[in-house]
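In what comes next, chain A is part of two complexes: it sits with chain B in the first one and with chain C in the second one.
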Partner chain A sequence: MKVTRPSVILEFISMELSETWRFPLPELFSFLYVLFPLFFSYLVRSIVMGPPEAKLVFVASLAEGTVSLITILLILKNISYGLANELKGGLIQTYLSYPVGRVALLSVKVFSGILIPLAYVVFSTLTFAYVNLPGLVTKYFNVLALSLLSLIGQLMLAAGLLLLVSILVKGGGASLGLGIASLFGLDALSMAFNMLGGTTGEEAYWHAYYLLNPLDALVNHYGSLRFLYVGYGRGFKPSLNQCLTYLSLHYLIVSLIYLASFAYFARRFEP
Partner chain B sequence: MPDALKYLNVRKRFGKVRALNGFTLRIPGDGVFGLIGPNGAGKTTAIKLGIGLLRPDEGEVKLFGEDPYGNPNVRFEVGVIHERAAFPKHVRAGEFLKHVARMYGEGEEEVREVMKLLGISEVADRKIGGLSAGTLRKLSIAQAIIHRPRLVIADEPTANLDPLARAELLETISVLHKDEGMGFLVSSHVLSELERVCDRLAFVYAGKVRLVGDLSMLIESFKGLFKVSCERAGELAKALRGLPYVREVRVAGGDLVVRVDEGFEDDFYRDVSSLAKEVGVKLYYVGAKGIRLEELFRSLTSGEGGIEGN
Partner chain C sequence: MEFRRISYLAARLGLIVIAASTAILLLSSLRLPCLISISFGSLDPWDRGKLTMYVEEGDVLMVRVRAKGCYIGLIASDYSGLGRGRIISALPQLLEDLLKGRVRLIASAKGELKGDFAFDRSSYVILTVTNPSDHAVDYRWDVRKVSSVIPRSRGLNTSLLLYSIGIGLTSPLILSKALRARASSRGSRRYRKDGLFPLGP
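Right after this comes the complex of A and B.
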């Protein structure tokens, strides 16, 4: 398999940005992402928590309950609706008639449809943390980075599912419906592990829960508050090593989902 | 000249549907090659395989000697006009062509030239989503030829166009071939259109190439066809079938189409008159049938006269 020339990839990125990130979308979402730090600043500054690290984890938890929801909507629009319609409507077929490889083309789509929205989350959360907790960010940057990695991992898992469904289904409406259903399914699975862990007290269920929600593992490790938490109890308190293991395994699952999407698109997808 | 596109015993299925079944064809890149066949014959599948959009289940496809599925760079040599043109709707036509041009290492001068050539300069600032079907088709041609490819592959390029736009498009193909030296592979199920622009043709039916050759040669190979106008054509048909040199008798629209062995043309003129008298049928007209692609096509798809492609 020969690789695509970089100049072609750059041109596709440019074309993709013109099509997907056109006025007023970037402006609107920039506003929403800025609104988050403005709106919750007072909350973070005033709430008293245990250790200082807990405040930083709470920032990520806040982002999970606010900007992440906007991000999921954006990814649904870009991937479940946008990409799926391009697959069905023939635009991807047109693109694949140019000297671009399948992996390169899907990478451009993932960059524009998933990675840019995630960059918004990272930028917004970091700005929020720096503005409100400048001293803590400098001193405990590793905690903030770990929290952000966990949050991004969770979003990447959801986005990966949407991507896989879109490529497999190849139809705007159906992809959107099935994509949303798959997100609900992921949440239901998460909730089931949470409830089983809470009611039976068995750690295995909590391990499974933390595997899908590594940010919650950090929340419980640092004894942080949890924004918009719907669950059964706080669960057991994992060690930092356990948190890192959950995070690593979580990214392994994420990687496998993306690998499956790319492999299917590169080897089996027929426009 | 080496083949621009080569199919060797290609098979392709979509579920239970066998789209191509031993498809073998060599397409030189120096002329206008027509791929003709009814809807569902396998033309679009062959084209998609040719540009690497699909991978064959069996057999081999080579585009300028390379596997088009595995090597996207070979598509620098081709331009593709799809039957259903789909472009980014919110991008302006001129901007889109600039993107495509830069992809091939071309500049804005080429964009201006190609837009002028196709008469779409005035829509450069309009979003693609707002263009008419005819203009969209011209944009489709523009993006395919902007880099002066060695081969332009056009899948049903005249689909959904009005007669005037069809004529214009065919004229454009001829001009680009003659003036710019571009090779074309044009698929269509409208035979009269291909007849106007192609110098070589392949007939595709049921996933196979049934006949391939120069247009003039194809017509020559169908010598010996006669049209007979008479009353009660069925009765005369029955009598004609008894002649040893008559290979085929078909009733078409009240007339008879008769194919005789080579060298028996004079015998046919003599015998058809006497047979008509014998069975009491009045003859109105007997003459060599001016063969057109439609008739060639009908003959091939009727299950008789199929010739394997080379």
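Right after this comes the complex of A and C.
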């Protein structure tokens, strides 16, 4: 039988899924991802906010507060621990001896370790919004999609940093530690911008803050509420165009981090 | 081979969807009691006490009010009716609103009101206690609500939809396994008939 490159990639995906997402883990996660935010349903339905769109942004903010920590933990386990240990243990080197490109191999790892947990977040948020606010979801789907993109962007930024650290460090424990430290650093930087913006009133700090947290820009734009928020309450209120600019630039940063990871793995990486 | 793989993947996705719909079903069947207000004191002559609440479809309001000689009313309206302030304004206006269907009178009594009231749609509910006498009257109310975590009908509909998607995705694998099991059992019967120990006539 002739072995083609796509069939090898499919084999890798199959192996990866059966290793990382064996029964009943995905089913259990699906149950918990849907269950956890839905506990806060009454909060979403009963709180009165300014424009109706604000409720949809609040849904995304609530989903961020409830499921993003679990998602980051999953990504830490899959990438910072799993991938880095495979690099250290030599499994990746064995995979690389198969007729499959480095980029394809890393793409499979990103799909299994990052994109699947993010798909859970999307599914959970959409279900949460549909069950509680079906009318608003159909009427203002663009706002929900924008909020969801912002939320996913923030998680992808954190996941991208973890991926880059794992590839650079190549060791399970060290990669996990440095990954957590880099997330902590990112949060500290973000909070510093928030505090500086709040105390000095300089718009530039708020621009930097919203660049790292595009969901907060939307929250402030629509006058929505935040779930589990530490920082200045009355920040600079951006326009919708500014929110879109923050989001685009945020995705640009995310893309650059992933490009750097892929470029390093494809060209400079030496097991 | 490919069919088996695709059907396996679809079945796993189906199980994921079934797990999600189970979570929704679980929460839509979970009903929690919550305290809305307990209040007591005295009402001056011609004074009125009121409590505004929000109830959703499927909620049950448990109302216990005692105020000797006072008129007690439980009225429901939508948000716009509440915003116009028409519900608890003057009596002629209230009558007009009642007649035009802008507000609904859920219950009324004099002196004491006790009851559990189920709501089939979301609305704002106002409890009013009016003292018509020329002397102060003691009153006490205890209002509680039994509410589901997510609206029952919406939760059931969503979980039903997701269950059907999940079953639809898992059924090809189940069917193919059942067919394969049937075929293999037939094969084994034939083999045993042809073998040394046939199964009989």
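Observations
Operating definition for what follows: the second predicted complex is superposed on the first by the 264 of 271 C-alpha atoms of A that agree within 3 Å, B and C clash if a C-alpha of one lies under 4 Å from a C-alpha of the other, contacts with A are read in each partner's own complex, and residues count from 1 in each chain.
Quick note on the criterion: a residue touches a chain if its C-beta (ideal position, glycine included) is under 8 Å from a C-beta of that chain, and two chains touch if they have at least 3 such contacts.
Note that the structure is a prediction, hence the values are computed from the model and not measured.
Of the two partner chains placed by superposition, A:Gly65 touches none, neither chain B nor chain C. In the superposition on chain A, A:Pro134 contacts chain C only, with no contact to chain B. Using the contact criterion defined above for the overlaid structures, shared-chain residue A:Ser14 touches chain B and also reaches chain C.
Applying the stated contact rule after C-alpha superposition, one finds that A:Pro99 touches chain B and leaves chain C untouched. Within the superposed three-chain model, A:Gly198 lies out of touch with both chain B and chain C [touch as defined at top].
Once chain A of one complex is fitted onto chain A of the other, the partner contacts of A:Glu27 are limited to chain C, with no touch recorded for chain B.
Using the contact criterion defined above for the overlaid structures, shared-chain residue A:Arg5 touches chain B, although it does not reach chain C.
Chain A uses residues 14 to touch chain B in one structure and chain C in the other.
Of all the residues in chain A, the ones that touch chain B in their complex are 1-2, 4-5, 7-8, 11-12, 14-15, 18-19, 22, 86, 89-91, 93-94, 96-101, 104, 270-271. Looking at the complex, you find that chain A touches chain C at residues 14, 23-24, 26-28, 30-35, 38-39, 41-42, 45-46, 123, 127, 130-132, 134.
Within the complex, the chain C residues that touch chain A are 5, 12, 15-20, 22-24, 26-27, 54, 56, 147, 149-151, 154-155, 158. By the touch rule above, chain B contacts chain A in their complex via residues 14, 48, 51-54, 70-76, 80, 82, 84-91, 95-96, 99-100, 102-105.
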